[in-house]
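Order of writing sets the chain letters: A, B, C and D. Residues in each chain are counted from 1.
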Amino acid sequence: MLTTNPFQSEDDDHFREECAVFGIYGSSDAAKHGALCLHAMQHRGQEGTGLVTYDENGDQFHAHRDHGHVGEVFGDPNVMAQLTGNSAIGHNRYSTTGDTLKRNVQPLFADFEFGGLAIAHNGNLTNAGLLREELVRNGAIFQSTTDTEVIVHLMANNRGSVVDRLAATLSRIEGAYSLVCLTRKKLIGVRDPMGVRPLVLGRIGDAYIFASETVALDIVGADKVRDVEPGEVIVIDEKGLRSFFPFPTLKPRFCVFEYIYFSRPDSIVEGRSVYEARRRIGEELAREAPLEADVVVPVPDSGVPSAVGYAAESGISFEIGIVRSHYMGRTFIEPSDEIRHLGVKLKHNANRPVLEGKRVVLVDDSIVRGTTSKKIVEMVRSAGATEVHMRITSPPTTHSCFYGVDTPERDQLMAAKYTIEEMRRHIGCDSLVFISMDGLYRAMGFEGRDNDNPHYCDACFSGDYPIRIADRETPPIARQLSLLKDAS
Amino acid sequence: MLTTNPFQSEDDDHFREECAVFGIYGSSDAAKHGALCLHAMQHRGQEGTGLVTYDENGDQFHAHRDHGHVGEVFGDPNVMAQLTGNSAIGHNRYSTTGDTLKRNVQPLFADFEFGGLAIAHNGNLTNAGLLREELVRNGAIFQSTTDTEVIVHLMANNRGSVVDRLAATLSRIEGAYSLVCLTRKKLIGVRDPMGVRPLVLGRIGDAYIFASETVALDIVGADKVRDVEPGEVIVIDEKGLRSFFPFPTLKPRFCVFEYIYFSRPDSIVEGRSVYEARRRIGEELAREAPLEADVVVPVPDSGVPSAVGYAAESGISFEIGIVRSHYMGRTFIEPSDEIRHLGVKLKHNANRPVLEGKRVVLVDDSIVRGTTSKKIVEMVRSAGATEVHMRITSPPTTHSCFYGVDTPERDQLMAAKYTIEEMRRHIGCDSLVFISMDGLYRAMGFEGRDNDNPHYCDACFSGDYPIRIADRETPPIARQLSLLKDAS
Amino acid sequence: MLTTNPFQSEDDDHFREECAVFGIYGSSDAAKHGALCLHAMQHRGQEGTGLVTYDENGDQFHAHRDHGHVGEVFGDPNVMAQLTGNSAIGHNRYSTTGDTLKRNVQPLFADFEFGGLAIAHNGNLTNAGLLREELVRNGAIFQSTTDTEVIVHLMANNRGSVVDRLAATLSRIEGAYSLVCLTRKKLIGVRDPMGVRPLVLGRIGDAYIFASETVALDIVGADKVRDVEPGEVIVIDEKGLRSFFPFPTLKPRFCVFEYIYFSRPDSIVEGRSVYEARRRIGEELAREAPLEADVVVPVPDSGVPSAVGYAAESGISFEIGIVRSHYMGRTFIEPSDEIRHLGVKLKHNANRPVLEGKRVVLVDDSIVRGTTSKKIVEMVRSAGATEVHMRITSPPTTHSCFYGVDTPERDQLMAAKYTIEEMRRHIGCDSLVFISMDGLYRAMGFEGRDNDNPHYCDACFSGDYPIRIADRETPPIARQLSLLKDAS
Amino acid sequence: MLTTNPFQSEDDDHFREECAVFGIYGSSDAAKHGALCLHAMQHRGQEGTGLVTYDENGDQFHAHRDHGHVGEVFGDPNVMAQLTGNSAIGHNRYSTTGDTLKRNVQPLFADFEFGGLAIAHNGNLTNAGLLREELVRNGAIFQSTTDTEVIVHLMANNRGSVVDRLAATLSRIEGAYSLVCLTRKKLIGVRDPMGVRPLVLGRIGDAYIFASETVALDIVGADKVRDVEPGEVIVIDEKGLRSFFPFPTLKPRFCVFEYIYFSRPDSIVEGRSVYEARRRIGEELAREAPLEADVVVPVPDSGVPSAVGYAAESGISFEIGIVRSHYMGRTFIEPSDEIRHLGVKLKHNANRPVLEGKRVVLVDDSIVRGTTSKKIVEMVRSAGATEVHMRITSPPTTHSCFYGVDTPERDQLMAAKYTIEEMRRHIGCDSLVFISMDGLYRAMGFEGRDNDNPHYCDACFSGDYPIRIADRETPPIARQLSLLKDAS
């Protein structure tokens, strides 16, 4: 059914952000704003999307959640017409293996004594397995395999107001998360104590908006108010906006990969332009690893801003030497003897006149398994390049992420298994340089990485995990939900 | 999507049975047997159907549940191929107002500490609302609006083995129900203490089958072992079959309407042929209300066996004076000025040569709202009948059913509001006779109704409800689940 | 997609009527009347259906044609809303092998110099292959494999008014056909010179209706005016109704099988009630082949009227000994070792209490391949019948039909290969009697068959083909259209 | 159903290429190659796509044609598995108003005396209306509204071999066209006498390929052999490749807009790199209209290569100041008072940090109606740009195209109605410069436009139409096919 997910290809060798969240309160167009904001954040989750609205007239929540892109799921005016109400929350989600069930599409909704509650979540709870095990032991019935449902059950098992239950629930969960909740009276936004995942507060007219990225505010013409702060809970209701901090104070550790790859270049994340950050990483890389070459060629699309920076700093000509198709990402035709390397060819094509007889600098954002890089280097060489030099705008990704990013196990991470020289040989390029950790921090405006007190979460490069991963330390029993498999 | 549901028409003036259940243990063809048995019981529920199988190899439950007829839902060989395993349970369900959600299609499935449990249910819990309220207050999260989910949550909130939990759960619930449950090791069948709803045990080779009616056994060539007894719990596992009776002994009160209308004529229900019962009711009616006439005409299809009996007893000629179309029951074209009485015409057509100039005895099973009867009498008169006499094979339906049958509120039951003479005038026939209560019991082989100790549940005729309706006595608060409405 | 076609089963051993046609002129509800009339004639064609309307306002034809039942195809109010206009024609069609293409669903539509023409057809042209070959040689491009398109091309290759072109076309075609045509100004109905296929003219208010059977008139409350006569062309336009006979006069030969099986029992065909005809055949059969027995049991549904007649004449009790399911006819589950004889079981179930220990007379309409009869006899015996006697309400079907009925090749017709005694042994019944040819004519009100000048077309029993089959005499080259196969 | 067509938005202000064609002969993977090549040419037609293959084994053509993207239509392995055979032709098509009928999806297929013929076509016949009128007058029945069907009928009305019929047909048609035809024995490629539309010949192993663009060859790893020449007919069969030129020699006039916008930048068209052409147009524009500015910003994606050239020539910094979303192009949410300018915002977002306080040069390829340009200038100004200068890489589009490109009528072309100064004021930019006609030809390697003998078809800029438009000179009667409208 899905057609043009540029991330679904096996040949897309990237970490994958797992979600975007959205919330709005006080708008006469809550669902429309939601669909647009989710569309603007489509890159953060392309497997499924959903909206839940609340309509005071009739005291009714309305939901629509399905697999597919926002434009598919909310493209039907009849669907939109049913999503009445002045407040809403929404969600985009990624597929992770074995998880493509419709019952996992968020927001979740549950009935409580006090009424309905909808909830959506970007991130990952690192003790969800243990909590789930305990909840099931106490009689909870789970319907999805998402860790978000753990939050719902914890809230159901507490007493008191929504905010009291939420506070009690937050004291139990560990991990990285940005949450939005909707009740009949309130919209609530929460960011985890270290602020690993982003969440921004915006305003349009009298309405407040929560969103994972500022591009969501741009598309509806909303103004950014500020980032939700790490550890902050913001409650919005008819009395206005109230903020509190239920956690002990911790040093924030925002995810640096949001700058390198996850966020859209036109987003302002934690006060910093993603485009400028990428461009400066490119400049830094040109200074760290200068070379003689004829053209700087980005691996599209993520490599473009850094390549612009690299070209400007190095004085080497910036050219579109690889053209990307946006129609289709899946390997929709099985390869055969006659037809090889389809994955990369469906998405990328060499622009021969730019490459032929040239010394080429390829700028890309990361190397995860290395499969795509190898194919791209081959393709560029086949197009006649005399030298191919790879410049990577992140340090080597040597560790998995447990904070809401879909990463392979360590033994599949090329940089965890091989030296850089081994990687270079495998990929087949003439030189391979990753930006240094200090260089990355310099590009972000620091003097280098403060190893005692680093500013960002960079665990995937450093192995320095700021939040413990309880489910790994004491593995819960195998997940029962996997017992049920829905036919087709 | 649905195409030929002969019961969905507004012009189908009947009570509606709400469900069929099925279970099998020990068959290498569990899903196929299930699909066939559910097909044979399609008349008991046409809105949706589902199967859950358990496959020991891989320790995996498989489910497929959807709206539509059995032939639609299980007609895809790819779907069937995924439903592997040697045990299964299944369900057909009716639509009741506001309840057409896919999440309500059974069997339900839930994860427990001991593993997965699938459950399906025919009947109605008369204290489900109160139990649900209590469960939500204690932190349970409901996903469906079915009372079956109450059973699931009660089991989750108990401790011990499946059978222990089931026994504890049965002690809490009230109502009429035939249940089947499937775990990794066991198939369980339960019938409520009064045995209001049917459940039969069959055998094919080494496999055991539970089914609501014997026609399900016929279609797969299984032998009937016996009816599950009122209040009996039968547990089947690798050690064989075990039976126990967790309830205090009560006088059984099987639903007499199963004979009059719900069951298929070729079923043997509680040891009695439905066809013979209906034929004898027709004979009894001919004796109770003899008259001079030219032809006996059944209102098809349910009136046929009684009309055969009536004709044989009275000596009046049996003729097919009304022809029924089986292609379509819904009023699929909206009436306009030019096109009237569409509902009945889509399904019934007068066979004029049989009716013209004749004194006609129409034999039908019941009159609920009276709308269809009026139209049929008009149709028969328009075809030239000189007299139209209605003979009804049930007593007047003056009360609603709360035991798993979809009936209108009392104020919509024609017989609750009008005298029989008023009904006759409204319907427009020359005479209208319902079988007497004693006549009904005589046809069933008794001397008449033992009013101190009646053999059947006949509450819809008598108002004598054998099981209290707790939710009516202490209405629970409005159901929160109604707070969420899924768009389209 | 198709769900409940009771004729698609391999175990349905019948000849199949190929089509129903419909036309209306002068109604403000043309499409609604069309959908209803086609629904009433659903039994004449269940693979696909279509309507073309003409709307004077905007000078626009509207079409909707699709696979499926009338209730499915025209159940969408949005579809109906687009079929505006005061005149319409429509069609139901059967599937014949290799022919299930959507492009074959009628009515066909084509552009002519004079404007658009829609056409629908019940029957078969016996020289279609030769005409098609000639047309292709002269540059015609065919889009369907139906012989109806031959008529369209012949009309396109003539000159003058629609009526002139039609007359010229009729002079070229041979076979059995009832045609309806719609232009911007006219509705035209045509019956072939021998009147093999039925076509009736009705009237509702100021509107005229053509339909294959009178049940179509009944459903909309129209009055029958008369049968269109063999060889008659009726042109209806704003000036009223005009009739002409372009053919030399021939003795009519109406299809006698319409009475035995094709038409609905409540239709009046050529002035005769189908129900009465069947009942009288049953009576005749009881006289021709009397025997001692306990019950007369119809093979449902077609055997019912004859069984009523047989029982009345013989004095043997009429009982519903076989119950038919109307939910599903397709063999939707593949048989396996454990599950045998599924085909017949999906549709028919023995009603054991009626059969056990009884001498049973089974009444059925025909035996084509004999496969179903054998299974039904087995089923009845398994239910305990001590004797099983088959009585068939048609003579043995020894020849194929080339006049619009889907019949197997001769070598698959059981009666063409075996003696009646051999058939009896194969089917496994205690006696097998077909009505005699003279008995059939007697039941229809004649003294017997006038062999020099028979009143009906009975070629399938007699081999006496009233119309030559040119395509068989000079086989055209293989059909090119079969060269293209649409994927999925 | 369509999901991500970036061209469907009302806010996409471009001419639209109408088609891509493909053919292959002698490959064991004909359909796979076809699907891949059509995918690579998706930008040339996104409404529908189709393939017809021919399989010698079984002498069978197979077809699959549907609305949607190539990845949707051919993503189902079951579909692909049915498209067996060693030769194939294929087609992508655009939607033009009133033309979205499935029957218009190509390739067309027709039966001839000699067997089947499939045909696909990129371009437009300028005398199709007159030819069609004549054909209908002579009895042809049309099924589609495409001019391709005119070719089919002309071939059917001729005699002799396929090649003879084709030659005779080509002598009748006028216009711009690249055709591919497939018979049981032959693959044929044709380019119109002036070579207005592209067609290239490639080779992979022993198989030959025809395609509209070289990117189709790249994706399967085929080598380019050469362009099919203007007026050339290439016939490929088991004897190899044969070429002939049935037309009188004419000066070629290739469509210059293929370089400016239609073709992919990585295609080599008529021996010239599209990317290099665009880059050189950017350089030329920088020389023709130099100015002081801070950043050069492309309107993505088509403006990128020219912006690279402009930046390199002018020395002004190249930056990604506008970010384009590739998920969705349709205006899927209706604007409301709160939500304005949605069209452009769904696709484009300003990258504020790059634009704020800057003098911006926007580089875009063309201005058709001017609607998008106005919104983009507003968006860039709102992001803080102090000056906005538009540079357009084509001359003003003052005339419609009749050669296979979907253009508005002249009265909707902004440049046909207004002076450049008026356009600038309407769009709201500080300066607006189109490349000069001579500048365009210089960028293409000429000294300027040779007005007596121009090298390209540039009618949309110059009004100099090289092929007469017969249907405009003598308008045929209104098209009858429009008489039939299929309901949903």
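As a convention for this text, a contact is a pair of C-beta atoms (placed from the backbone, for glycine too) under 8 Å apart; a residue touches a chain by one contact, two chains touch by 3 or more.
The model shown is predicted, which means the values in this text are computed figures rather than measured ones.
J.: So which chains count as neighbours of both chain B and chain C?
T.: none
J.: Measuring between Cα centroids, what's the chain most distant from chain C?
T.: Relative to chain C, the chain with the farthest C-alpha centre is A.
J.: Can you give the whole-Å distance between the Cα centres of chain A and chain C?
T.: Their C-alpha centroids are separated by 62 Å.
J.: How many angstrom between the C-alpha centroids of chain B and chain A?
T.: 51
J.: Just curious, how far off is chain D from chain A if you go by their C-alpha centres, in Å?
T.: Chain centroid spacing, chain A to chain D, equals 36 Å.
J.: Indicate the whole-number Å distance between the mean C-alpha point of chain B and the mean C-alpha point of chain D.
T.: Roughly 62 Å separates the two chain centres.
J.: Which positions in chain D are in touch with at least two other chains?
T.: none
J.: What topology does the chain contact graph adopt: line, ring, star, complete, or other?
T.: ring
J.: Write out the stretch or stretches of chain C touching chain D in their complex.
T.: Against chain D, the touching part of chain C is residues 52, 59-64, 76, 78-79, 82-83, 109-113, 115-116, 136-137, 139-143, 152-153, 156-158, 480-481, 483-488.
J.: Which of the residues in chain D come into contact with chain A in the complex?
T.: 3-4, 6, 27-29, 32-33, 35-36, 39-40, 42-43, 46, 68-72, 74-75, 77, 80, 204-205, 215, 218-221, 264-266, 268, 273, 275-276, 304-305, 308, 312, 317-320, 323, 325-328, 330, 332-334, 336, 338-340, 342, 345-346, 349-354
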